[in-house]
Each structure stands twice: as C-alpha cells, then as structure tokens.
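The same subunit A turns up in both complexes below, where it pairs with subunit B and then with subunit C.
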Partner chain A sequence: MTQSVIVMERFTKHYGDRTAVEELSLQVPAGSVFGFLGQNGAGKTTTIRALLNLIRPTSGRLSVVGLDSVSDSVALRRRVGYLPEQPEYYPWMSVDEILRFNASFYPSWDRDLEKRLVDQLGLPRERKLRELSRGMQAKVGLVLSLGSRPDVLILDDPTSGLDAVVRREFLEAMIANVHAEGGTVFFSTQLLHEVERVADEVAVLHEGRLRLRSNLEELKATYKRLRAVYPDQIPESFPVPGLVRAERNAHYALLTVEGFTPDLPARLAENGAAAVEVLDLSLEEIFIEVVKGAPTHA
Partner chain B sequence: MQLHLDPSSATPLYAQVVEQVKALVASGGMRVGDQLPSVRDLAVSLRVNRNTAAKAYQMLEAEGVLATRAGHGTFVAAGSSRWSRQERFRRLERLADRLLVEAHHLNIPPAEIASLLERRLHAFEMNRPKSTGKS
Partner chain C sequence: MLKALLWKEWREQRPIALTGLFLAGLLPLFIMGGASIMTYTLDSSTLFDAYLILLAILLWPLFAAAAGASTVAGEVGEGTLGFLLSRPVSRFRAWAIKVLVGTGTVLLIMTGSLGVALLLRRFAAPSADLAAMLDSFLSNRAAFFATLAFGMAFLFLSWSVFFSTLVSRPLTAAAAGILAASACLLGSLLVWWHLDPAPWVEPLWLGAQLLFLGALILGASLLIFARGELLRGQALRRAVLPAAALIVAGFPGVTLPFAYAKSVLQSTRAALTDVEISPRGDRVATTVWIDYPRTPQVWMIPIDRGGRRRLRGNLAFGPIFSPNGEWVAYFSPRNFLGFPIGSLDLRVMRWDGSADRAILSGLPSEGASLWYFWTAAFAPDGERVAVTDGEKILLARLNSPDRETYSLESTPFRGGRMLGWSEDGGELLFYGRFGPLPKEHTLIGAWNLNTRKTRILFDRFISTALPRGLENPRGMRRIAVFTKEAEDPHSGCELELVDARTGTTENISPHACRFAASLDQGERLVAYADCSTPPGPGRRHSQVHLRDLERGVDTVLSDLEGTTFSIKFSPDGDQLLVRRASRADLPDLVMDLRGGTQPIEAGWRPLGWLRTRVALVARVPDAAHQATLGTLDTRSGKISIIHSGLAPKIFE
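For the complex of A and B:
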C-alpha cells in the first residue's frame, strides 16, 4: 500500500452562508503528481489555503506528511513548498534579499540548489522584485518553493498567465527537483493538457464538492464514448452500466460511459446496434462531461 | 534522444515513447550499445511523470529493444524479444489487419499492397546504416 501524503477528511469551509467546500475527503498518494482540477470558484484555492493553515476549516480535518494543518502548521510548513496563486512579495526587496529572507525560515534550505535554480532560470539577483516581469516573478516564487527541498510541493495554478517558455521551465524544475527525487506534487490548474502530460492522479472539484477522483490512465481507459449505429430505430434505453450521457442522432447514438468494459460493444450489438465504435476522450472532454454533470441514465 | 509527445493524442504517452524509440532503433538513429537517458532524466526532459518513463522502458525491455545493466544504465539491446515467435507474429498480424482495413476503404487492390510494402522496405533499407543490422 502506498501511503498518503495529504489527507483531507470531510473538509468543509463556509463563508457566512456561502459554502466554498463541502465534505471533501481526498487522499494524495506519496510520490504522485496530483492534478487538482475545477473551474474558477470550485473551491480549489480554499482547499489549498486550508492545507497550509492560511484559513481555518469550518469543520473536518486536513493533514500533510502526517502533520495536522491547524495544530502542527509550523512543522508542516517546513516540509512543504508552497506557491500561491498570486504571490505577493515585498516589492522593495531584491531577488537576493527575498531569497535570504525566505531561507531564514527553513533549516533545510539548500543554497547549492538555490544557486543552480537561479542560474538555470536566469534570475537577476540584484534586481528589485517590483522591476521584474510577471514571468520572472513567477520564477522567483518557484525558487522560493523549491529551495527548502520540500517533501511535498503544493502549487496553486502555478502556470496560469505564463508564456509557453516559462511554463516549460516550471514543469521541468518541478519534475527534476521534487517528483524525480521521490517527492509529491499537488497542483491545481486550468491547463488540462499540462495535467495530461505530467499527472498520474487527478481529482475534479465542482461547486465545492468532489466529483471525480481517479488514476489518470485508468480514467482514460474507462471513460469512453461509443458510437452505435442503428439501422432501424434507436432504442429507448441502452443496456450500458455507467451511462453518463446519451445523444441520439438520425441513425446513430453517442453514448458516453464512465465504466467502459470491453464487452460493451457486444451488449449493444445484442440490443440492435449494427456497428459500434469506441472513441477515446481527452482529459479536457472528460472534464467537461464531469463538470456539466448532465442528468445521468437514459 | 529527441522525442516529441502529443498529450492530447488518444495514444497513451508511454506508448508514444515506445513507438518513437523503436522507430529510432529501426531506422539506425540509435544503434546497439547506445545508452539511453535514465528514467529520471527522460521524465524531466519530456516533462512527464516518471511512471510514464519507467513504463515505456519496461515495455521496451520486454520487447528486447532495450536492456538495463544494473548500475550502468539502459542501452539499445542486440534485440532478442522475450516473446515467443508466435506472439511476435501475432502482434504484427494485428498491424497487418489494420493496413488491410485501410486499404479496403481506400480502394487499393490487394496486389498493390504487396508492391507498396516492397517499395517501403526498399526505402527503409536504403536509409539504414549497414552495420546496425538487427536480425
């Protein structure tokens, strides 16, 4: 059994009478690259901020590397690298000053790694943060979150608004310095093709509730669309378990299923389908199906 | 080793790596004894999960394309698949069936498929350095 590095137990957060996150239970396996997906306002940032004790849960428990987010938050922060959605640094500090300032909080700060990353990413140590472009500021944030050699890296939509070159440097640095060293990466993002490339586990949060949690490869193997051609008449219902959506056209039906098994085409054939084609779905298409949450079952 | 992955393709990423490494070896772009990057370095350079990289190498080893020498790394192997001759042919038959289905829909008569294959084989052999024969 792989152990879990991040554990959320019925985490709930209300803001007044508005529910941001409701009863979220989720486990993030050690060593995984975990894509935490959802639309804007789904509750991703709320969850991440609660993990780091930047907000208090209304109810439920959260822990990272076995340390409770509320009662052990100082010890927890030493083991975790965190890059917020919109980092706010002291604008009057230089790159070097913020690095020294940040390093002082971490006994495990690795100056050699810091130096390597600063060189690799081409950061000007003497420049003031306020003079840096958005991409450069994001790179500073990356060095700040990696320099302590964290066991867990938590990134809140790290690459949004960055150009393709910087995004690539980000992903490379994250894989090389955390994932390849056996660490765990938990990141929220809107850019699904990036998740598709690097993540092995995904979860979808929608309106504060967990809608999907899966291994990415399994998800893509079991979430399929079937095109069934019916020469006579399209039946009223389909003998398909886990049917998410059925779309009827003149002579064929498009069936989206979430528990594909290889015997499904044969079952549809028994039900009158003349030809059945199995179509693969990209993570983006699956995400849209999950979030649209169209009424299930025909 | 330059590989190009398409994350939105229906072909899983590890399978894309497998296909491209096989193509490189078959075309002589990589030769027997050439060393491949470690799983870690491959994952970093392709920006993929290391399980993806590890799975691709495992499959390539099972097919006899690569071999790992403990403590030394992963190399292009002299090429003896762990699969039986029957299994190797079965795999090729599946591909041949796909070719025949496409040919049918493209209205290519069966006789021309054989000559097409011969032409492609010729082109393939031309591009390939003589000394790298994998028999």
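For the complex of A and C:
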C-alpha cells in the first residue's frame, strides 16, 4: 500500500460567513505528482496555505510527511518546498543574498544543487531582485524551493503568467529534482495541459468541495466522448450509463460519458446509430465537464 | 538562521537608524538656530539640557515609533511576510527578532545621540573636564534619565509594533502608535499625578512601569501575530479582541503596583545624616544619601525591632518629627516625574510613610547647593510647620490648606537662619551673623507671628558659632550662644545662655568647648565643658562642669584629656552623654551625676538619648567593622545592635 505524504481530514475553512473549503478529505501518495485543480476561488490556495500553517483550519486536520500542520509546522516546513503564485521577495536583496538568507533556514540545503540550478536557469547572482523580470523571479523561487531537497514540493500555480519556455524549464526542473528522486509534488495550476504532461494523480476542487480525485490515466480512460452518427433521426434518449452530456447535431450526437465501457458503441448501434466513434478527452475537457456538472453551492 | 534573521531585520531597520542618527546630529544646529532667531543666548549647559529634552520627548519616541511600525507592516506592505512565514521559523521567533532589532535600533539612536550630546557639551565648553562631566552626568541624572527616556521610547515602539500587526502600511502604524503611546503615557502620568507619589517612588520606577506597559503591549502584539493570518481573515479579528482586553486589563495591573511601590533597598554606598530621634525614642528618621551628596532618601529605623525602611525615594531629605512623634516633615525637590526641579516642596507623612502630601510647594531653590538654605520646624502645637530661607517665612498647617507668607525683607533677620519656635508657639526664633570676620555682628531675635514685629534678644559685634536651642521638645526657652573673642583658637569660647522669653543673657563660662552644653528638662541645671584648663604641656584637657542656674553654684564633674565635643542630658537629668574629640584612645563617656563615669566601648559614638538610660550609638565603619547603629544601656554599658551595614558614613 502506498504511503500518503499529505493527508487532509475533513478540512474546513471559513472566512466569516463565507466557506472557502468544506469537509475536504484527501490523501496524496508518496512519490506522486499530484495536480490540485479548480477554478479561481475554488479553495486551492486556502488549502495550500493551511498545509503550511499560514492560516489555521476552522476544523479538521492537515498533515504533511506525518507532521501536523499546526503543531509541527516548523518541522513540516523544513521538509517542504513551497512556491506561491506570486512570490514576493525582499526587493533590496540580491539573488545571492536571498539564496544565503533562505539557505540558513534549512540544514539540508544543498549548495551544489543550488549552484547547478542557478547556472542551469541562468540567474544573475549579483542582481537585485527588484531588477529581475517576473520570469527570472519565478526561477529564483524555484531554486529557493528546490535547494533544500524537500520531501514534498508544494506549488501554488507558480507558472501562471510565465511564457511557455519558462514554464517548460520550470516543470522539467521540478520533475528532475523532486519527482525523479522519489519526492512528491503537489501543485495547483490553471494550465491543465501542463498537469496532463506531468501529473500522476489529480483532484478537482469546486466551490470548496472535492469534486473528483483520480489517477490521471484512469480518469482519461473513464471519461470518453462518443460520436454516434444517425442517418435518419437522432433518438430522444441514449442507452448509455454515466451520460454526462449529449449534444445533438444534424446527423450525429456527441455523448460525453463518465465510466466508459467498451460495450457502449454496440449499445448505441442497437439504438440506431450507423457508426460510433470513441474520442479521447483532454484533461481540460474533463475538468470542464466535471465543473459544469457539479451542483452549485451558493 | 538566527544570524540571517538578525541581518535581514537590521538591513530593514538600517535606514531608520541612519536617519535618526543624522537628525540627532542636526538637532543641535536647529536648537542654536531657533535660539538665534529668538535672540536667546544659549550657554553650553542650556544647550545640553535642551538637546536632551528634545531627544527624549521628540526624536527618540518618533524614531521608536518608526522602528516599531516597520517591523510587521513593512513586510505586509511589501508582501514579503508570506515568504518569511513560509520558511521553517516559528512566528514567535520571527516576531521576537523583529522586535529585538527594532529595540536595538532605538538603543543605537539613543546611544549615538547621547554621544552627540557629550561632544556638544565638550565643544561648547572646551575647558570642561570630559571625564568629570561624564562622571557627573552618569552618577547624577543618567539612571533617572536613561530609564525614563528608554521607557518612553519603548512604549512608542511597542504601540507601533502592535499597530504594525494590524495594518498594512508602516506610516499608518506609526501614526496610530504615536497617538496610542501618547495617550498611554498621559494616562500613566495622570495616575501618578493623581496619586501624588513623586517622592515615594523613583523616576526609575516610572521608567520601569513604562517598560512593563510596553512589554504588555508587545505581548498583545505577539498574540495577534501568532494567531492572525497574515493580517487577514477572521482569525485576526478574533485575536484583536483578546489583545485589546489584555491591554485594557493589564494597564492598571502594571501601573498601580509601580505607583504604590515601596522600596526596602539596602544602601551599601550611602551616607547617613540628619539622625532624628522621635520624641518617644522608639524610632529614628534619617536622611540616607546614595552616592553622597547627590540623591538623598528618607529612611525610618525602628529601635526595638528590625526592618529599617526607606520611606521616600530619591530626592527627599531633612526629616523632622512633630512634637508628638506622629508626623514627619521633609523636603523634596521633585516634580511629578521624579526629576529635580528648581524649587522645593515641604511634605508631611505619618511616621509609617502613609498620608504623604505636600503642604508647601514651590519653595524657590536654584540648584541642589541651595536646598539647605531652607529650614523647617514644627510648632509646639504640632499643627503648624514653619519654613524659611532667610528671605521669607512660610507657615503651613497639617490639617488645613491655609498658608501664610511673611517677608523678612525689612527685618534684621533677613538672610538669617531659623532656630525654632518659642515655647508658647507665638514666635519664631532667628539667628543672623553679619559683617566681616573677626568682628561679626551676631543677632538673635524673635519674630512674632501675630504682631509681625521683631524682638531682639542678643545683638553684639562678636563672632559666634551657630547657636543651639537647648533640649526642650516643646519649644525653645533658652539658646546657647558660643562666642569667640580670644585670639588663642584653643582657649575655648564664651558660653552665654539667652532666655528666649525675657531676652536676658547669663554668662556661663569664658572658655567653653564649642557646642558642648546641655540643659536638663527642668531647666535648673546646665552641663557644659570648659576647654581652658589645665594649660599644661602636651595634651589638651577639658573639664565637665555642672551649673545650678538657680543657686549659681558651679561644680566640676570631671577632668578629661582632650577637648569635649558635645554633652547631652538624659531625659531624667541623672546622666550625661559626653562626646570627646575624635581620638581613638579617648572613649566617649556616660557620666552619672550621682557619681561614676563609664567609657563607651571603643569605636562607638553617642548620637543622643532614646529614653532614660538608653542612648543611641553608632559605629563608624573601619576595616574590621560595618557601619552599625545600636542602643547603649547606660547602666550596664552593654550595646545592642539595631542595624548593621547601614551606611559607610554616619554623620550626626
């Protein structure tokens, strides 16, 4: 049985009357790359901040590498690399100064790794942080979060707003330095095609509630779209279990199903379809289906 | 990590520190410029004082507020707090280092500007001895000034830190901090003002109170910082309420104990003067000078039980008992912050230190050296107290706010000293010594409080020692005058007794030892020492005489080697305490009028009678002994120690 490095048990967070996250229970397996997905305001950042004890849970319990997020937060953060969406660094520090400053917090700081990443990412050590572009600052953040060789890397949509080249560098560095060495990556992002490239597991949070949690391959095998051609008339109903959505056109219907089984094309043929084509869905399409199909919690 | 955090915080506070030091350097120029505009001539001392005051009330609080405000709000404003708190560091440690470095910044500005102050004084008065000046400043006012000034600055820092955890703009936090600290300071001062504890506790204690208040507010700030959520959210609001409750509840908790604080400090570097024995002989009030002669305190020493106690804090001196021993009057030159001001207050308290209050305020006295021009005396009725500086007489009442002031300007007593009250309480007796030596003009007289007229009792062109009223706790009947006309300085003085009621003068001895005269309570006998006999070679001698004033019979009681310094009749009139010249081989004596003389144990000096057959004695410390007060049983000669280690110097 795979050990869980991040455990959330009925985590709830209220901001006044507003519920940001409600009864979230989730386990992230060790060594996985876990995509934590959701629309803006779904509660992803709240959850990540609570994991690091930057905010306190209203109720429930969170732990990372077996350490409680509230009572063991200092030890927890020592073993976690964290990169927020918009990191704010001390603008008066140079790249070298913030690396030294950050390194002092981590006994496990790897100077060789730091040097390698700085060279690889082309960071200018003597430049002040205020003089760096957004992309360069993101790279600094990557070095800061990877240099301690964390057991878990938590990323809160750090690549939004970055160009494609930097995003690619980012993901490659992340995979090469954490995941390849057995570490766990827990990241939230809006860029689902990136998740699709690297993630093993995904969870979708919608309006503070967990809507979906699955292995990415299984998810993609479960969610399919069927293109059924009807030469005469498109029937009123389709004998398809798990039908999420049906779109009717002149001579064909597009059916999105959850829980695809290989016998579904045959069933549609019996129902009058002249031809049935099985289409794969991208993660983004699945995400949209999931979010659209979710009940709204006002 | 610690080092890195300290470095980071210092880099953020550095602009504040440098600006503060820069302005501290410019401030003297502003003062001089302002004085120049107002055509006011500044001497170095005034410039120094003005600079220190501006530092304490303006520069230090403002920069303390700036340092405090930038601790958390500065990071929130820049958005870097999230970065810091997502590192593996506890919130307490992150907060504590911020406050520590903020405090260090304030201390740096304070130290640097004090350095500027000393340089300023040095350059403004190049002839001054810098070391002596520094020593004077440090020993005289530095402890008061530094503690209070740092307490104030710390309060401003604390409030600004507090608001820094609530708002995201340092400027807002600083402004709120300055307002809150000013209100808090004002509240503290109002409490002190209302309770009138000025001579009771030290400015040091007010400074300490402000430090504790600051610590309390910092505690509230920590509560918010530890429980808040990066200055957002419900948790922050939940933390603000207990923090506010902590401050509101803690304010009186911190303020009142300090305002009521009493001290039982050991005085190990002190001198002891004004040993006042209570009329019942059961306790002694005295002035203890810490770092003699700068910081006097009033202490009460019970005779029959332990527990000497400082009744009043620094800058209280000259205690005198009322005739019934219930009240003690004393002087204090303090303002309500505890600092010396240019005038004295006459205050009274019960013998246990309670019911302390000022009964006369604003007695003018320019500088500590002029404090002692003022003398005070209880009237025989115990209700009125008179004080005078030789220019005017002020009369206060213990149980009434009525005050009376009489000018001595047009009287012959102007510039003289008050000896005390007449026995009937209707007159004040004065003594004046005018004109050049050796033919001084000595004047003793009485000022009638009802008629405001003077009555001359003694008026001669003759040099005198300070006259003494002979023992009578209910007012003066006779005044002993030691006049000096003989050219031989060792031939003694002429002793005359002036009757305060009739003004008649009686010659007692032409060769009396100065100050050595005493009258029994029945005023029938006077004991005195004659220094003229025998004039043989070698050592000097003196004779103790007893004069029967009614019969005019003079008896020699004893012939003693060396001069006699003082004589005191016992309350029952049967014994004399005889204090001799300060020679180790000449012990002081207890002389029994019915026969017999016994020496007092070597090293001990008699200070006065506590009651019949019990005298107060003191041991002046030497290499083998501590300074000690004791009682002497004059029948057995046994000395019982009351208190030891009291003070290295004891003056009568």
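Assume the second predicted complex is superposed on the first by the 289 of 298 C-alpha atoms of A that agree within 3 Å, B and C clash if a C-alpha of one lies under 4 Å from a C-alpha of the other, contacts with A are read in each partner's own complex, and residues count from 1 in each chain.
Please note the rule applied: a contact is a pair of C-beta atoms (placed from the backbone, for glycine too) under 8 Å apart; a residue touches a chain by one contact, two chains touch by 3 or more.
The shown structure was predicted, so the numbers you read here are calculated from the model rather than taken from an experiment.
J.: Return the chain, subunit B or subunit C, that is in touch with more residues of subunit A.
T.: C
J.: Mind working out whether A:R100 is in touch with subunit B, subunit C, both or neither, as first, second, both or neither?
T.: A:R100: touches subunit C, not subunit B.
J.: Output check: A:Y82 vs subunit B and subunit C. Expected answer is one of first, second, both, neither. What do you get?
T.: After superposition on chain A, A:Y82 lies in contact with subunit C alone.
J.: What is the contact status of A:R197 with respect to subunit B (first) and subunit C (second): first, second, both, or neither?
T.: first
J.: Contact-wise, after the overlay, does A:F186 reach subunit B, subunit C, both or neither (first, second, both, neither)?
T.: A:F186: touches no partner chain.
J.: In the overlay, answer first, second, both or neither for which of subunit B and subunit C A:L52 touches.
T.: Second partner only.
J.: Once the shared chain is lined up, is A:F34 touching subunit B (first), subunit C (second), both, or neither of them?
T.: A:F34 contacts neither subunit B nor subunit C.
J.: Starting from the residues of subunit A touching subunit B, keep only those that also touch subunit C in the other complex, and list them.
T.: none
J.: Quick one: which bits of subunit A touch subunit C in the complex? Just the residue numbers, please.
T.: 14-16, 52, 54-56, 73-78, 82, 84, 86-92, 100-102, 104-106
J.: List the residues on subunit A that touch subunit B in their complex, please.
T.: The touching residues are 33, 168, 171-172, 175-176, 179-180, 193-194, 196-200, 217, 220, 280, 282, 284.
J.: Which positions of subunit C touch subunit A when the two form their complex?
T.: 1, 3-5, 7-8, 11-12, 78-80, 82-83, 85-90, 227, 229-230, 233-235
J.: Spell out the part of subunit B that touches subunit A in their complex, as residue ranges.
T.: That would be residues 5, 7-8, 10, 12-13, 40, 43-45, 47-52 of subunit B.
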